[in-house]
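Heads up, there are several structures right after this.
What follows is a pair of complexes built around chain A, which joins chain B in one and chain C in the other.
Moving on, here comes the complex of A and B:
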């Protein structure tokens, strides 16, 4: 084997037992920066609170940074050539979220977890650790995508079953049925559904791409898309939207719709689909405005929140006040969100409105940084898509990336009163287990897909193949 | 019917991905712009909004800054409360609708509300200082407000209004500084601020049929009657629709029977003096000829009249320290130009009836525009804010250029004649300041129904170098004579050096 320019022979890598670790210097360097930034934030918060330099929530932060380090170590040992930027970026976003949860009143959440009663930051830390472990494990374990692409209708059915379960087991919060509760753990199925939807769409679109992109149906002078081929996909999408609308989860509906349209465009390159989709969106919005009080109220609040500043517009007005108080540089962590009568004036500050809280305490500079982090995720994800080996992987990577980027857009724009406010989390930052775990699936799959495409299935000669060895070890 | 795509060629998705990426980058840029809009451009108004929790929280803990008049007389100060803290006390009732109150029970009103953030020290009004302040040990720095208001003048204005409901606005036309801004009836703001008497005082104010909490000077909307002819004059002379020598041949004849416009009859009451004279512009102002201005309004056209009024501030709230109601020349919706319905509405509006509604501050600005050679200075009340960090002065600034000096001077001459000439004397004499040339215009605003008309006067003095411009309205005060006399007495009080 000759070492030609630019190619590094695999045999040169040091081997520890059967593992072939591959050092990830870039990831390690970026993670060190993340740790520094988070420690600085913790110091700033502690100083503001105690009046002297000390770390706020130091123990929680240490556990979090330790988990990040372990996940990094796992990637090193696994030896895959996967993306080295995603983990630090997601780690920083999660860490900013954790700092905010440390800063907010702990009684916003009371979660019992294995007998112990946990406050906001402790509960968030547990979800973050689980999420990092899930993402890291997927990045190592997923090497074959047939199980994703072959069983697309099974995935679709599972997703719909999951949503239907919310009707049976659901709890009603703020006029929307979002949670299902199983024993001590409750979750929001729409978060998981968005990942399942993307897998289904990617599989379906990649399979039917030539038909969708190039066939036309001539009706008189009009070239229409081949509608029959779109039906299964639209049906899947319509069922999802319908259920979401019936449950009044407008944020998820908007997210699904946007991701659906964008993926359809990426697969077919046909602007007509986007135009038709936007027309359908306008019509649907109008119908929803006429039919549903919730939609009408959100829309009216968006147009003039000050008209109902003490009623339905309260949350939006308070968010704008928070942005205004933050100004260019922010108040500093812990110095904003003035409480009147012991209450923080921003309802849902730890979930839907966390972006406004960041805007107040970190200022315009801070939230531009946060938006920049999402742009990095967007860039990395779409880069993975563009260099993917086949259509399914490209579409899957695109869809997964869009889910994160569009969700961040929808809630941040809602907080800033650029679009009507819909209840949805800020990915990786907001409090909430379902959201963190679903986004961990996204990150884990993206990392796995970034391994120059997933390796082809092992050839039959493979008693020495790595998968076989792993299976072998598992059997022992 | 179905035609297959010819090739099974497989175009890569790469370019599509790039386009989607670009679209999302644009969306994120829009987000960044939105955040910048709220956090930089709107930061000051948002942070000083009276119901902003930071303002509310600060107001509970901070000893508010004082409010002083132009002579340093204390208008609002703090009284130590029995159980710690402090509550507000005010100089007297004459300033109540303007200054408002700050009460632990009933919140804030008036200037106390508009400047809550500055009075509680949450904002200095200087963005750089505000940004740096958070690094200081004691960030709160309540500001003392100094007003252009003169307390003696204000008291005199309220005393002259007496038991009548009405309003007086007096300002310096060359700076826009408000010298007096009275609204009657007034109320006892100190009693509302004092926790011991707050409930009874609040109940009394609420029960008063005269609505004392309403600041008539900026929130009261009145039919202006003939004082609005000054707006029509500026529009007509400015657009060239008339010159000072314009006469209407049909006018003298129409005086006896009324001028018929589309079946509506415009009437006058001055032909006893003017007989068969065809009036020119100055004479028409002197005797306040409705027919002359009805014809002039039609000559200008609805769009021209509405445009000039818009330049003077009609149609939207005025730039001022306190929220103002928007004056109007028409309720709008018509398609006869400028929102007028038809020639009848336009003709009636031209002499201040129909759907014309004005605030006293707006009419004071009209007088000030004529007095100041066509330049309206931004009206303001707060002249400086004093904090530990220093004094921030609010300098006079021009707001709008509404007429050329030539046109302003033509109107000025006519308004002087209205007060000083033989004909005008019958209507406006009371406004004259002894020994000082005075200009002005009365109004008798018919309200429909059987009630007494509102009495109006706007004017300024001295004519050559105006030091004051004034608007007076007295609800149910009858003809303009009553308002003119009040204005004359108040301007005399001020110009003779008693009111400063």
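Moving on, here comes the complex of A and C:
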């Protein structure tokens, strides 16, 4: 009998088969408000359309709210002390997205599952329900993070494989290679890739954090990190540039690189790394601007969309008009976006431009509220990170939060013509299965990480060799 | 007709109002959380959790908040007194220098280990790392925020 095994505190096993419900009063209260708000929105939409008081998409909304209630019930029965704010906030964002999908023309998307043809709102509802179930079950099931932190190079390999698969199998949409198709389902791997990337970065940075933060060599006036630790950074930069070059996917490249720089800063506290990264990004962007038509076009449209208002600048110009029509309080759900010759004036209104649609129908007040919801997610995520027990969990929670927050920021700013428009989704609101499921993974992991009573982190590396011998000697 | 338009307008505003009511409720929850966190003393730089301690001093499972300099050893003048036959009287010292924690062996007989490898001189520590002094294993954890 070794002393090592004898003295290790017995790991607390999850009580399977023995339910210890813990009521979540705050979550229930907030969910009730979510239901009220969504019903008001549905009433407003239905009234606008039919001219008399009725609920629009009442059945779809009922299924959605029912799923939210079931997920809440699952959390209560599981009895974990997880965060009670995230689920209602995500529920409200998803619900606003669902209302928008009910409001938009249903033939924007035609999904057929086994003979049944689904319109926009129905397809979105299915993805939303799946996403909520995924987030809820992750929050219940994930009780230790060894499988995340131990296999970081496996995760990295999986991510790179996913990236390569997109390069090879990807289909072209609007000049960017985003989708891969597997049987009846097509997906955007970059959405999943962002989660994998955060897991890898959190594991890598937490293991090497002391070295990255302290050891350095001097080059002129600059203190640089040791070379073995510079290489992954250069690799990340290369991946971001590669995504731009091969896939023409500017949004994903921007998102990945921004999250990478922010995480590096959080891990090391060194502003210089961020400055160097930004300089590298600016240099890379300039080269890309010179070499690639897509990048130059996006940039020129951003500088002056009116020059090509009927061509490449059409989308941006229409988005600006939409915000203008919305004004302070908005036109009201269902009252905006008059169709021009039977066509929706805003291309990609259900995915990339959904923020502009919200701006038109809910006004400045409405989109400020939506941005407030993202801020709440940011605050909650960073709080979870700040109270984490060790570096890996802290960095993982920070990274997961930042992925959602930065993505929302990039696409909202793109819609508003604050930065060049890049095609990524507004998390939880835009139409799209990959986006919803990937963000559900984020929420589920954050909820699991927020549990105060979670298993203690495992020892970083298994004690072996002399250490084990020493412990054995002591036992005899 | 006018009345119904007014009612529709009110429903629209009600939707926006409920959105903000929800935000208000969330912010109240967040503020309460932050206040209760602020009441706890939060100036510690890190904490040691005793993972294993065969002789029961320090008791295993106990949590020790850390100062910027924390000495570990058998001598009673150490910050953390370790009652273990394999620990030296002046065994190791943990120091917080600006950004990170460091561990230094003070010429102990059996050496100090970090994650199972022997500390030569001074070594940087990350939160979550495990330090072994004699047979006592301690884990460095982030301070409670």
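Simple rule for what comes next: the second predicted complex is superposed on the first by the 422 of 476 C-alpha atoms of A that agree within 3 Å, B and C clash if a C-alpha of one lies under 4 Å from a C-alpha of the other, contacts with A are read in each partner's own complex, and residues count from 1 in each chain.
In this text, a residue touches a chain if its C-beta (ideal position, glycine included) is under 8 Å from a C-beta of that chain, and two chains touch if they have at least 3 such contacts.
This structure is a prediction, so every number in the text was calculated from the model and none was measured.
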Touching partner for A:153 - first (chain B), second (chain C), both, neither: neither
Touched partner set for A:405, first chain B, second chain C, both or neither: first
First, second, both or neither for A:23, with chain B first and chain C second: neither
Contacts of A:325 with chain B and chain C, given as first, second, both or neither: first
Partner chain in contact with A:92 - chain B first, chain C second, else both or neither: second
First, second, both or neither for A:286, with chain B first and chain C second: neither
Chain B versus chain C as contact partner of A:391, first or second or both or neither: both
Partner chain in contact with A:299 - chain B first, chain C second, else both or neither: neither
Set intersection of chain A contacts, chain C complex versus chain B complex: 209-211, 213-215, 269, 329, 332, 363, 379, 386, 391, 394
Partner chain B, residues of chain A touching it in the complex: 209-211, 213-219, 226, 262, 265-267, 269, 309-310, 317-318, 320-321, 323-329, 331-332, 335, 338-340, 345, 359, 363-364, 367-368, 371, 374-375, 378-379, 382, 385-386, 391, 394-395, 398, 402, 405-406, 409, 412-413, 416-418
Interfacial residue positions of chain B with respect to chain A in the complex: 1-8, 10-11, 13-21, 23-25, 27-28, 30-32, 34-36, 38-40, 42-47, 49, 51-54, 56-58, 60, 130-131, 134
Chain A partner contacts - residues on chain C that touch it in the complex: 4, 7-9, 11-16, 18-23, 25-27, 29-30, 33, 37, 49, 51-54, 60-61, 85-86, 99-101, 110, 113, 115-116, 118, 123-130, 132, 134-135, 137, 139, 141-142, 144-145
Contact footprint of chain C on chain A as seen in their complex: 3-4, 7-9, 26, 29-30, 33-34, 36-37, 40-41, 43-44, 47-48, 51-53, 84-85, 88-89, 92, 206-207, 209-211, 213-215, 268-269, 329-330, 332-333, 362-363, 365-366, 369-370, 372-373, 376, 379-380, 383, 386-392, 394, 456-457, 459-467, 470-471, 474-475
